[in-house]
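Labels run A, B, C, D and E following the written order; every chain starts at residue 1.
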Amino acid sequence: MLGTGLLQGLAVTARNFLGSFYDRRRFVTTQYPEQRTALPEAYRNFPFLVCESADDPMGTLRCVACQICEKECPPQCIYIEKSKDKKPDANGKPQIYPAVFDIDTAVCMSCQICVEVCPFDAIKMDQVFELAATDRFGALLMDRHALAKPNSYFQSIHPTEAGEVDSRLLAARLAAEEKARTAAAAKAAPKPAAPKPPAAPSAEAPKPSPPLA
Amino acid sequence: MSAGPTDAHLLERAPFLLRDWLTHALPEPLRWFANTLIAIAAILAIFGTLFALLTLVERKVLGRVQNRPGPNRTGWFGILQPVADGIKMLTKEDIVPRAADPLLHFLAPVALLGFSVLTFAVIPYGRDLVAVRLDAGVLYFFAAGSATELSIFMAGWSSNNKYALVAAMRALAQLISYELPLLLSAVPVVLAAGTLSAPDIVESQGGFTWGFVPHWHVFTPWGAAAFLVFFISALSESNRSPFDLPEAESELIAGHLTEYSGFKYALFFMAEYFGMCSLCGMAVTLFLGGWQAPLAALEFIPSYAWFALKLCALLLVFIWIRATLPRLRMDQLTRFAWKFLVPLALVNLAASAFWSLSFGWAGPMQALRWAIGIALAVGPFVLLGRRLGAGIGPRTYRYA
Amino acid sequence: METTEQIRERILASLPGAQVSLVTNPGLAAQHSLLLGAAHALQAALLLRDDAALRLDFCSNVTGVDWPEREVSEADPTAPGGKVKRVVPGFLEVVYHLYSVALGHGPLVVRMRTANRSDQVTLPSLTPVWRSCEFQEREVFDLFGVVFAGHPDLRRILMWDEFKDHPMRKDYVEPDDFEWEPTPHGDVLERARRHYPAPARPAKEPAP
Amino acid sequence: MSAALAIVALATLGSAAAAMLGRSLLRSIFMLAVSWAGVAAFYMWAGAQFVAFAQVLIYLGAISMVALFAVLLTRQSRDEASPPPAALRRAILAVVAAAGVAAVLLWAVAHSPLAVSGSLAPATSVRQLGFDLMGRHAAALLVVGVLLTIALLGAVVLAADGAQERPGDEP
Amino acid sequence: MNPSGLPPLASLPGPQIRAVHDELHGDLLELSMGPHHPSTHGVFRMVVTLDGETVVKLKPVFGYLHRNHEKIAEGASYLGSMPYTDRLDYLCSMTNNWSYALAVERLAGQAVSERAEYVRVILAELTRLLNHTCLAGFLLQDGGASGTPLMYAFREREKILDLFESLSGSRMMCNYQRFGGCRADPSPAWLDSARALVDGYGRFLDEYEALLTGNEILMARTQGIGRLSPQLAVSAGVTGPMLRAAGVGYDIRKVDGYGFYPRFTFRVPIGADGDTYDRYMVRILEMRESIGILRQALRDIPAGPILDPKAKQRGLRPKAGEVYSRIEGPKGEIGFFLISDGGPNPYRYRVRPPSLINLTILEDMCLGQSIADSVVILGSVDIVLGEVDR
């Protein structure tokens, strides 16, 4: 009979209207500034540079300015200038560091390609999305000072990924030391009489991760 | 302006006491003038705030239906939203297109609001609480209502905008074709009540049968059908949801309101809401027993409270329908009026005449009377409905 | 569906004068294609659509490809260095991927090539055969400059009508309408420096 | 002659004149509507409420719409038909015709036996009006009904012809 | 003078209402709907010539969102183009990614792990649910319902987008598929929440159909409107639900059988009249089939690697050659035609846009209908301008 479909529709809207007062499924709005939805762990926004310790970010940057991410970045929003001198990195090996490392967040589309292609786990995706800036010109171009964040912060926002990265880096460092020790032992071996080098202080105990910054 | 019921309890006489207290110091001719001024001021104040609240309630109900809270940032639970809208409308620049016809462009909202406010004069808000006790009140109501069409066309034509023109043509066709069922569905009530004066119609719906069924017209078979037709036509007269073709956002952006901004735009909306309120008021007066109480025991509640309750209920149904139904197409709209509502209203007129003539039947004849009444009301509805919905229907699908 | 060679024989059988040659696809997908001569392309297309065994009634994709002039060095024992430089003339190519909705097979890849990239860039339009080519051929005309003879409404579809050049050609030079970009970097930095000799970015870096 | 009556009269005549002299056809229709409202005000002043409301309902509500439709659908609104130059001969003829019509009207008004009494017309209630219509003037009412039905049918037939010309309106 | 004999719109005098005289019906009204119009699903413009309310001529105009996506792809590496495919049909980024990954895998001969194929089917069907629900919402929005069906659709869409966000990191720009598998492995918790969503979706669809399918006004507004004959649909290259609504049972999941679809049992609904109501109903029935596929896929998804580590992503240089591969996206057949010359970036990168090709017959469907219907018909074609303009 004409009109039964309309009544059915009205019944559905009435159920939703009444439901919205008690049924969580029918009232889905979160009042943004006051309430915030929990961001899933895999959420990614603009990248940031990982540095080992919080108190000396520029000194302990993992990035070695190999410029792979600059080439691979689809919208070309990363700009790197290598440093002239070298500085020792976490494993003690002298490495080049980026004198200038700019990411133009106005151009970056947070596609996370740079994180994938970085062989040194030096750049990871951040979870900060409130980046409104009043200055339209400079504020959106983030230099390395604004980008550097400590490894502890990385562990706080991406715990599982940070866990894998740290275990991998630790294994790599132990392997490197193992190799260094065997090489040293081999170099020391031909002089049998040389006193056994003091047992390397177990690779000065894996670098304790700095206290939570 | 009547002196008001003398026997009822305090709350019932409150409005009259208030008025007399205000004007007792004035000499005789001035007092009449002051009384009418107070009546006008009261109506405009009440329906003005109702308009403000209605815009807020509409957005809150629409929000709740769509699982979101609706405006709640301004004031406590969004209560100041109408104030915010008002200020926004006042401060917005009032742009008049260069090629528009300035006089008509300015006159349109004024005329629309003027005529739609005129309709409030005859609606009985309570026992003896009616602004003007006219002998032909219902006819006055429809006369004032029908003059608004001219101003909608004035708005559409004078803005010299393609969308506005198409919308103005649509508005004309729609309002004319729905004015007929509106009047035709009011005629059975006049036939049953025997008078055109609104307060008398409400009085004729007093009293109860078997103690709890009130004598409202909607509880008679022809009354229910007439109420349905009146309600659908009221939806269309006030350009509300299934029939809001003139300002169909998806096709004509804002229809005849496209070239209006600032306070004129607000005036149009105020006129639309006033039209909605007055049509609902007349529906309550004609069919839902005006200010009559639904139960004898509840008569201690003042009569104007009952009128307000029923008015708000109808307005909520208006909003509920707006939240649910999509829009009809132009030719479907006019075909629905001419091939469904008008024939239904005419047959209903006959049913009402039969109901009045068979007043004397008693005992078993009473059941026969009800049977014939219901047959006359439901029969044409089903037959016309089947003919109207001939082409459309649910379908079954096969799979590859 | 028959292999591409069998289809080629079938076309030559019913259209003796047509030039239909096979273009092998060295890739792993091995989707070989037929190169149709412009003269009999329309009849061949009609045949492909209406032939009972093929019934390729669905032209899924029309693509333009720009092959500019390139030098190919070939082994030539007679030449002194054992290699001789040969210049392959450039051309514009339109590739059609045909499927059959009725029989459910495909794709048959059909190609057409223009004489050169400058003045003779006309190819017969296949819109009369498959209606789906209408917008896609307009796009090839808009971005590559291939003029389709017989197209019902050949206008630019994506660029605005007054636009002169064809952006998808390999030798397309972007107009140098450089707008000031708040944070220029990379190659944009060079363009910025050309327009604004002063250092484009304020030196924010504190001396290391 | 109370002040209100003078104002209403002036408004009615003024808008009627504006309707005739107006350049844009549509604006003159709106002026016409204003003059009909003036006539309705007259009825109210004369105490015949029912007729006044009927006047507003029918003239302001429907007849003005018909006029608007007529003007829009016959495309007159588009090209402002500029009136021909006002030749002297045409002006004289117009004045003569107007004077003749005015004379006839004034004569009819002067000689019709108007019982001009001081008080307002007896306020007939709608109920009384209904009894008269159904009683003494039932025949006239039926004739008017038949006339209107025929007019309606004629309109439908005319409109129906139009529908054939543009088939495909019926979905 | 454009070919139809009417003077081009731009040359007509001033902003006055341009009643273009035409001997056929007297005053024709030329109306430009778009590019800023509430119901054109983005920056799409229709130059409509109206005779009263009925459409006499309708010319679509595109290009307002054209950024030459294919030229950018020729400059970028194969991996670098993957995030750009999210921006093609920005409602269904997962299926765009899959179609591009499938094309590059066929070009480079890269095998895909079994678990990744299951995850891809799951994500594609979730995208189909999301797209068809939104389509019904937008169709009703064009039909005049004041946003209620659209809000219900968006409420369900948010749940699916939460799943995408917890898996790929971003709600709409997922950039999740890689050559040879997927970037991140869905955790058991993720699979459980996906199962919960799929179980709940049937109830939502019942409520949604109760609100819409039986609605007489919707039936009156869409039945018999914008009829499309099967022959014209096939010839015009229409694909996806529009083609199946016209009565042609052509579904690339069944025809090509890519990505383990032959392992799942599902049916392909077909329309009878090819009008707007059929297009709406075919999409609703397709959603119910997708729920069936999702249940089967989520039930027997195998363990195993999501991406074999040896697959080259960054410096991928596929051998010279070309490939055209396609999948059944929610809007139709979305395919990629890649020509490689052995270098790090593709020589030619072509996207087959289902939205643009489905618009070929918009004018044929709208002729003779009223302007309100042309808006509803455009809504039922389901276009997204990112894909139309590329």
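We adopt the following convention: a contact is a pair of C-beta atoms (placed from the backbone, for glycine too) under 8 Å apart; a residue touches a chain by one contact, two chains touch by 3 or more.
Bear in mind the structure is a predicted one, so any value in this text is a computation, not a measurement.
Participant: By C-alpha centroids, what is the most central chain here?
Facilitator: E
Participant: Would you mind checking which chain's C-alpha centre is most distant from the centre of chain E?
Facilitator: Result for max centroid distance from chain E is chain D.
Participant: Is the C-beta contact count larger for B-D or for C-E?
Facilitator: Most contacts of the two pairs: C-E.
Participant: Rounded to a whole Å, what is the gap between the Cα centroids of chain B and chain D?
Facilitator: 29
Participant: Whole-Å distance, chain C centre to chain E centre, using C-alpha means?
Facilitator: The separation of the two C-alpha centroids amounts to 25 Å.
Participant: Round to the nearest whole Å and give the separation of the Cα centres of chain A and chain E.
Facilitator: 34
Participant: Between chain A and chain B, what is the gap in Å from one C-alpha centre to the other?
Facilitator: 62
Participant: Do you know which chain A residues sit against two or more other chains?
Facilitator: 2-3, 6, 9, 12-13, 16, 28
Participant: Which positions in chain D are in touch with at least two other chains?
Facilitator: In chain D, residues 169, 171 touch at least two other chains, as defined above.
Participant: Any chance you could list the residues of chain B touching two or more other chains?
Facilitator: As it turns out, chain B has residues touching two or more other chains at 65-68, 323-325, 331-332, 389, 391.
Participant: For chain E, which residues are in contact with chain C within the complex?
Facilitator: Against chain C, chain E makes touches at 3, 62-63, 66, 68, 70-71, 106-109, 232, 234-239, 248, 250, 255, 318-326, 333, 335, 337, 339-340, 348, 350, 352, 356-357, 359-361, 389-390.
Participant: What does chain B use to touch chain E in their complex?
Facilitator: Where chain B meets chain E, its residues are 62, 65-68, 97-99, 160-163, 165-166, 241-242, 244-245, 248-251, 253, 322-332, 389, 391-395, 397-400.
Participant: Name, in rising order, each residue of chain D that touches chain B in their complex.
Facilitator: Counting only chain D, the residues touching chain B are 24, 26-27, 30, 33, 37, 49-50, 53-54, 56-57, 60-62, 64-65, 68-69, 72, 123, 125-127, 169, 171.
Participant: Which residues, counting only chain B, touch chain D once they are in their complex?
Facilitator: Residues of chain B touching chain D: 101, 103-104, 107, 134-136, 139-140, 142-144, 146-147, 149-150, 153-154, 157, 169, 172, 176, 179, 194-197, 331-332, 391.
Participant: Which bits of chain A are touching chain B when the two form their complex?
Facilitator: So the residues of chain A in touch with chain B come to 1-3, 6, 9-10, 12-14, 16-17, 20-21, 26-29, 31.
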